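Look at the two complexes coming up: chain A is in both, with chain B in one and chain C in the other.
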Partner chain A sequence: MSDKYIARSKAVAARVLGGEMMIMSAVDSRLFSLSDVATVIWEAADGRTPLSEIVTKRVCAHFDVSADVAYRDAEQLVEDLASRGILSISAQPIPEGVAEHPAAEAP
Partner chain B sequence: MSLMQELAGKALDLGVPLSAHLDVTYRCNERCEHCYLDHDDHGELTTAEIKDLLHQLADAGVFFLTLSGGEVLMRRDAFEIIEYARSLMFNVKLKTNAVMIREQEAQRLRALGVEQVQISVYSHRPEVHDAVTKLPGSLKRTLAAVRLLRAQGLRVNLANVLMRSNRDDTASVQALAKEIGAHYTLDPTVTPMMDGNTSVLRHRVDASELSSYFHDPSLVGDVESFCAPPTPVDEDVLEGLPCSAGHTSCYITPYGDVYPCVQFPLTCGNVRREKFIDIWRHSPQLNEVRAIRLKNLTTCSSCTHAGSCTRCPGLAYMEGNMRGPSSADCEKSYVRTGIVTAGMKARKSSGSAAPGLVQIAPAPSLTA
Partner chain C sequence: MATSIGSLRLTDEARLPQSGATIEIGGIPIFLRTDDEDFRRLIEDRYAGFVNASAEPACRLQIHLHPPVGNMPGDVRVSRSGSVWGIERGDFTAEFDAQSRRGWVRQSANPYSLDAVMRIMHSLVLAEEGGFLLHAASAVRNGRAFVFAGVSGAGKTTMSRLVPPDATLLTDEISYIRRSRNGYYAHGTPFTGELNRAGANVKAPLATLYFLEKGPDNRIVAASQSDAAHALIRNILFFAHDQDLVRRVFEGALEFVSRVPVARLVFTPDERAWELIR
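Presenting the complex of A and B:
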């Protein structure tokens, strides 16, 4: 199984409000609310830590879920976040400041 | 309910300042004829003070940060401030005249993930725009910057203040915005200067002229709905809040004074003397503003427009009473619907044609 590396987009704003992570894309001003698990993964998305390690150390350590199930769910989640432009995914570690700007769109 | 509405409601329930507007300087390279600011530097917050303030704002829960001025880029550390704000994950909106934005600056704003750049454009004609700004060549430079920002994919909003001098050009500026791929907003309200000087109000268009703008679907959308007579006011409406100022939003001057809003110059504290969160939570002035419900408004609570009026408490404050009517908004409600407001009736019966404005003074210890 090849691992994935994930990095937060630099084109987003984020703030925790009442325990809930809110994220807004600067590209299209869409607002997202992340679940607890999604928040843990998003916060750990530094481009250097493999997704499998994030799942093991951050998700499984805090939530009652097996590693296999958690990894499958995490893969689906990061694909979803990436499709919305708030996360980048790569098979290689993502250097800081690289590939974190989704394409801009017209107003 | 949209997620944004949920977010605003949650912030209100939690007492969180979701939005903050920080003017980093009042200095400006333009001298717009209608501007409400004194452009001298009376002791701006330093870079370190602004960074500390940004930390405090982030800790307080501020998500939407507007950086403005004066001209924000007059500060040599403007990009350092923007970069720092973005590192704290604020959603950053910049208000600028853009004349100092070239290719490099446009690229940097894009790289920093600024969400929107609002740029003042008064006319499509240089002779009109430059006469407003009193900076020769300003329209050419501003529009060049707008195109550079758009080429970077940045969201740009052309803000057009409606005045006597540019009233014939709004449609052309709107068309220009469309051609460039920018949003367009028309602001019909010229506000008094922060020191209470009302001379700039002479630039306002007459109420009779506002009507054509309020009946233009390209500006207001559904005209029938926008200009519909007010619906009867019920208890829920009367228990409502006048606006978000001081509830989920605030304004901070370049000298650290905290106001409920940029149009509401009621000094609630200063971040050089107190922590922002202490001002936000405990300022008697902010708590007074927060205590006001529509039912508490001296004249407006009995007005038929109470549920639909855009009454600005800041403008009312500058007219002498934060619980009173704002004559500019009475005018707008009347022009929209043709129905006289309670504020207009009160002024007529008191024989007062023009509202007197209170004198707003900066905090004494902060003046040079």
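Presenting the complex of A and C:
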């Protein structure tokens, strides 16, 4: 199984409100709320830490879930977040500053 | 863009007579300069109650009139190049330099075009300070402002029509929210909706934002901050797909819901709904 690296998009604004992570896409102004688990993954998405390590050390350590199930769910989640342009996924570590959503580049 | 706006302004200032009107909405005076006396009168009539000839303008707009060409308004496009905002719709073109606070509009003598330009300009200025324009009716009662937001058909016009005699209507369509050191204020606006009645040019500290929902009875239902943020952002008027502006609006909206009570107002379309608003 090849691992994945994830990085938060720079084309978003994010803030915790009432204990909930709110994220707004600066590309299309859509607003998202993340669940507790999704927030943990989002906050750990630094482009350098493999997804498997995030799942093991951040998700399984804090939530009652097996590593296999957690990793499968996490993969689905990051694919979903990436499709909305608020996260980047790569098979390689993502250098800082390249996690822009393509559509977010200056006109 | 910046060069063109600068040269256009300088040329016009040298050539055109000093005719126009200062329209102060939300405490932000905008001088609308026009060399067409009929259009100046139209502006003063349309924004009656918001004309303030003695105010020092915070922004200046030169209006260039052209004959109507039958263009449909269509969607508005707002873009930024440096400090200059470009605003385009089928019926007008405008530029506004946020740094010098000067700009111009090319439009026909259609007041609706000018309304749109004014709303967009105010939304850009407000975003810088954490305020916004909202699809909402608002009114002042007992010295406090109440805002009623909702999509078309949610009841903004109904709540406005039912405003009791001891309350003052600020707007039936576009609420004007400014942030100050002490909290948030709602200001009256001349922007009208279905009721076609301009709001009073007054302001009051904002007490509560309600999201309207027609129902079988009258009651106030608590809203979580998250639900409030989602609903608020859906109703804020902002036009630019500009990343900085989107971030400002996002921060402004979340700051607002963390400081101002927000709830759902389920109401029957009669005057009893106002019994809950005090």
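The working rule: the second predicted complex is superposed on the first by the 101 of 107 C-alpha atoms of A that agree within 3 Å, B and C clash if a C-alpha of one lies under 4 Å from a C-alpha of the other, contacts with A are read in each partner's own complex, and residues count from 1 in each chain.
As a working rule, a contact is a pair of C-beta atoms (placed from the backbone, for glycine too) under 8 Å apart; a residue touches a chain by one contact, two chains touch by 3 or more.
Please read these numbers as outputs of a predicted model, since none were measured by experiment.
Visitor: What is the contact status of A:Ser29 with respect to chain B (first) and chain C (second): first, second, both, or neither?
Guide: It touches chain B and chain C both.
Visitor: Report for A:Ala74: first if it touches chain B alone, second if chain C alone, otherwise both or neither.
Guide: A:Ala74: touches no partner chain.
Visitor: Tell me which of chain B and chain C touches more residues of chain A.
Guide: B
Visitor: When the two structures are overlaid on chain A, which partner does A:Gly18 contact: first (chain B), second (chain C), both, or neither?
Guide: Both chain B and chain C are touched by A:Gly18.
Visitor: If you stack the two complexes on chain A, which partner ends up touching A:Leu87: first (chain B), second (chain C), both, or neither?
Guide: neither
Visitor: Which chain A residues contact chain B in one complex and chain C in the other?
Guide: Comparing the two interfaces on chain A, one with chain B and one with chain C, the shared residues are 11, 13, 15, 17-18, 20, 22, 24, 26-27, 29, 31, 33, 104, 107.
Visitor: Residues of chain C touching chain A in their complex?
Guide: It comes out as residues 79, 224-226, 229-230, 233, 238, 241, 243, 246-247, 249-251, 254, 257-258.
Visitor: Which stretch or stretches of chain B touch chain A in the complex?
Guide: Counting only chain B, the residues touching chain A are 3-4, 6-7, 10-11, 13-14, 16, 18, 58, 61-64, 86, 89-92, 110-116, 152-156, 181-183.
Visitor: Would you tell me which residues of chain A are touching chain B in their complex?
Guide: Residues 9-18, 20, 22, 24, 26-27, 29, 31-33, 101, 103-107.
Visitor: Name, in rising order, each residue of chain A that touches chain C in their complex.
Guide: Answer in residue numbers: 11, 13, 15, 17-18, 20, 22, 24-29, 31, 33, 104, 107.
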